[in-house]
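Two complexes come next, and they have one chain in common, chain A, joined by chain B in the first and chain C in the second.
Coming up: the complex of A and B.
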């Protein structure tokens, strides 16, 4: 019963959030400079043709009318077609004077479905790498508050957070791929192409995990039930692994949810540098080409993913700590 | 203390490790022997493969691998007018209005259709239609007539249009020949779905951002030695150079000056630098004040010291003093080309009624970033030089999509007052620049309407011979353009490619097109 109520309430809230985000993005796209119709038909086409095609595409209607028409399609599973990309999914631009073949444009949902798995793979691997870095450093730092492991955790976190991701990406590609030849760097032709971009993303999120773990573990180790457990004869290893870490995991879980959601948006720079064919690269090209339906679709999918991840995280958190009430 | 749980876990983990194939996880960046040519392009393509439906340079470069041309023009500075026959065996001007093209026998399209005169006729008649976005022809379809006395002979008659048939000579090296069967299906047919040509590589598919081509075994000059070409759009210059350095790319283009320094001397990498067909221009909006006044346009030209711009560009630019590239037909270093002369600038401003620039409206100078090299940097130089002479200029740097939308002329005058843009057309034909931009029937960016310039453009187009045409261009037309200054050509671009040193046998054209029919990985 709690689960049903929880889901209904949170999904309703999520729907409102997604709607608001969609409307905001929808409006912004239509007020900033850069007419997609000019990009579609090309610079040599006369202005009269630009206006004619814009009328046919409904781009001169009032914004609320356009939004209503768009959302009517979305609720039926139709996010529209890309203004510019053909069914092959290529990033296109330039003078594609092309209203005749517009019916052969790629469906937005197909473009997102094709690229989202790559970003998902990248995000999951980045999270794994981040945990591999953060768990030992954060836990050990939390177990030794005020001592060198704690200070080390602070310093390493400060160092990692100071590294710009675009710089780190280029340096890693240069050293690991070019100079050492250990890993490929550009594009995607197999799982190995995910490793370097995932390392860059992991370096970006690990500091937050380290800090949260250090604080959380230290706080829990100072609780009275930990002292009592020792008196009861439970081994230190079991106290840490079975009790302290379990209670420390709730803030970590919340952070993981937020960081995962931010990863989906934060992959833009990394995917662009590594030419990794995920949602981030798709978004950048869509913005540069004013591909409104594609930008809109990505915004909806990303905000929906954010909402769902937070719902799942909150649900898991209540499982771990029944005192929590979402 | 070792527990049974620990032992069992350890054994299980060991067993699992033997099942993991490390090749799935890790593969060497260099494990790519026997691959096709991987070309990384700086520009994306359009979604429509019809060669008449776009003016995008990258897509024209893909066409150069797949399509056949009646002739090819190497366009080298030492011999810019040279043409080599390809699908044609000869191109002969019979008289002022008639051109005869004799075709090569034994050639076929990738779909198996034999190449013949009807394909040339279909290509010309379709491509010259006024609704085609790529307007390369000297006149629309109803201004010329194409006849085919036999399967290997084409006669182009331009009597109806009143212009010389010699205008088709240079176009012959620029226009890809399409199959008549494809053309018959119209713009919604197979023309837009895929490329079908007579070239050394066959179009296979568009896979995301990769255009996949494979060697065509039936190529009339012999099958290519490489297995194919993968033409990939990679928008970031740093990404392209990293791909070159780690061996993932065979060729990359559009190197920045700093990247040229990085790659020079690198083992395993060869650089190719050549004068391009592309000039970079400062275009004036000539249809609205103040640049509707030629005196003010000339004053602005005299305010700009192009030697500083050359320093900014380094190896990416080459000096030139004309409105077309030095490798285009009719180029000459113009004696009256406006050079840096602050005194002359002030004199012209005073003559125009704006002494020291007083009274001039606020001027917007639009440029782009992220497409051409160093546009923001030399844009700042030009702005400072103009301000020094009293022009109240504001530089507006836009990303490419917004710049593209603000580039062209429109009724009432296009946005801003000055625009930076390059123009590249892979043919010696100068009208692809001059007529496109300076004739009142086209005036794509400048909005210029000047009857005197129109008259000279019409005169050179109607010249009886190439020699007469050259004379008119060099002695009348381009000197007048220098005097009226609807634009200032800042420099000629230098095309720089980086290539795998093992890749030999390539021929690079100065618009970026590549002939890889004889290429091999040594």
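Coming up: the complex of A and C.
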């Protein structure tokens, strides 16, 4: 019963958030200068044609009307069609306005569904790498607060967070890919193309994990249940592994929920540098081409993902620590 | 804070005489990483302010004859005139880095100011008022928090023209929600305390309580840790520049220098890598200071200093 209540409440709140986000993005895109119709029909089209197409697409209606029409499509699973991309493949933005060969435009939902798995693969691998870096450093640092492992965690965290991701990407591509020839870097033709981008992303995430882990492990080790456990005759190893770490993982999970948007920003840049065909590259291209429906679609999908991840995080956190009440 | 008065040890008197802000700053100053950070950061700032004034080299002057000169001690025909080499148009890299640093620092600082101002005002208002005001403001905050900042920034800057005020405004307005949340939780805890009730009984207006009593108490711990966000914003600004959505060329910024240098990576590695090292040093110094301040704050609030 608790679970049902919780889910209903959180999903309702989430729906409000997604609605707000989509309205915000929708309005912003229509308020800022730059006419997308001009991009669709090309620079040579007469003004009358621009106006005519804009009327046909409903782009001259009041914003609330447009938003209502758009949202009624979205709830039926129709996010509209891309302004620019044809269903068959490559973008043809700015093609001639009387080009009859231009085929039907791609569905926004299809575009997102095609690229999302790549991004998911990248994100998961990056998470694994980040944990591999952060777990030993963070836990060891937390076990010895004030001593050198703690300082080491602080320094390494400060240094890693200071590496700009795009610069690291370029340097790694130059050294690992061009000079050493160990890993492929640009594009996507197999799993090995994910590794280098994932490393760059992991370096970006790891400092946050290290900092959270150090603080939460140190805090838990100071609690009385830890000192009592030693009196109960439980080995130090088991106290750390089973008791302290279990409770320290709650802040780590929360971090995942809060820092989701940061992860996404990193994905965007990393995919752009490595020309990795995921959601991030799609977003950048959509923005540069003023593909409004696509930008809106991506904003809705990512904010929905944010809401879902936070719900799942809170659920897992309550199973780890039943005292937590959401 | 009155309830942490019973500090044990000889420092008790000393600790009582100082405000929390002073104690945090002093605690950070005692750590070696803060001093290193401060030293590097001050050097960088002074150099970026005065070097372009002193030196006669123009960062935008094109000198094709001297193009792609490698940095000192690397490769052939390097010169002391261009210690970090030149780019594809023969412009001096050292000077371009310093000018880029100026813009980065300016944009980073201005952005964090806006974030702090907006976030703290929203948080203060929501936390003090509570009730419906709180619910509405916090739902807006949540909504904003769930749009990835960078997507919002590139969406706006991509479709409008990226000028420096626009960049500052967009980054600042997309980064405030975290501050609003922290400020709200602190204010909610403080507003139930006796001194606030006392002030209310004495007839102080809401504005007076908020700005003269609560704000000076809650702001410093948040503002100190904002140093970390200056570093984050500098990275954001250079990412935008890298994507071509930041400060536009020919004005040099780290982002657009590196984006340019990417095309010459194999022949002239220094164009893309040297500004990155500059950026890294600046960010590392900021992050070291921020981390030291954050630790010191946690110690002060944990009652250990």
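Everything that follows uses one rule, which is that the second predicted complex is superposed on the first by the 314 of 326 C-alpha atoms of A that agree within 3 Å, B and C clash if a C-alpha of one lies under 4 Å from a C-alpha of the other, contacts with A are read in each partner's own complex, and residues count from 1 in each chain.
Just so we're on the same page, contacts are C-beta pairs under 8 Å (C-beta built on N, C-alpha and C of every residue); 3 or more make two chains touch, one makes a residue touch a chain.
No experiment lies behind these values; they were computed from the predicted model shown.
K.L.:
After superposition on the shared chain, which partner residues are touched by A:272: those of chain B (first), chain C (second), both, or neither?
P.N.:
It touches chain B and chain C both.
K.L.:
Tell me which partner A:75 touches in the superposition: chain B (first), chain C (second), both or neither.
P.N.:
Neither chain B nor chain C is touched by A:75.
K.L.:
Tell me the contact category for A:159 with respect to chain B and chain C: first, second, both or neither.
P.N.:
In the superposed model, A:159 contacts chain C only, not chain B.
K.L.:
Should A:25 be classified as contacting the first partner (chain B), the second (chain C), both, or neither?
P.N.:
A:25: touches chain C, not chain B.
K.L.:
Kindly classify A:170 by the partners it touches after superposition: chain B alone (first), chain C alone (second), both, or neither?
P.N.:
Touch status of A:170: both partners.
K.L.:
Who does A:3 touch here: chain B (first), chain C (second), both, or neither?
P.N.:
neither
K.L.:
Based on the superposed arrangement, let me know which partner A:298 touches: chain B (first), chain C (second), both, or neither?
P.N.:
After superposition on chain A, A:298 lies in contact with chain C alone.
K.L.:
Given the touch rule stated above, what does A:17 touch, chain B (first), chain C (second), both, or neither?
P.N.:
It touches chain C, and chain B stays clear.
K.L.:
Touch check for A:178: first (chain B), second (chain C), both, or neither?
P.N.:
Once the two structures are laid over each other on A, A:178 reaches both partners.
K.L.:
Output the chain A positions appearing in both contact lists, the one against chain B and the one against chain C.
P.N.:
Correct list for chain A: 33-34, 170, 173-174, 178, 272, 284, 288, 290.
K.L.:
Inside the complex, what are the residues of chain C that reach chain A?
P.N.:
Interface residues on the chain C side: 33, 139-140, 142-152, 154-156, 158-161, 231, 235, 238-239, 242-243, 254-255, 258, 262, 265-266, 269, 272-273, 275-276, 279-280, 283-284, 286-288, 291, 295, 298.
K.L.:
How about chain A: which of its residues touch chain C in the complex?
P.N.:
Within the complex, chain A touches chain C at residues 13, 16-18, 20-21, 24-25, 28-29, 32-34, 151, 154-155, 157-159, 161-168, 170-171, 173-174, 178, 215, 260-262, 264-265, 268-269, 272, 283-284, 287-288, 290, 295, 298-299, 302-303, 306-307.
K.L.:
Enumerate the contact residues on chain A facing chain B in the complex.
P.N.:
Result: residues 33-35, 38-39, 41-45, 47, 84-86, 88-98, 100-101, 104-105, 114, 170, 173-174, 177-178, 181-187, 190-192, 195, 272-275, 277, 284-285, 288-290 of chain A touch chain B.
K.L.:
Within the complex, which stretch of chain B touches chain A?
P.N.:
Going by the criterion above, the answer is residues 24-30, 43-48, 53-56, 58-59, 133-135, 187-188, 192, 205-209, 211, 232-236, 238-239, 242-243, 245-249, 398-402, 404-408, 410-411, 444.
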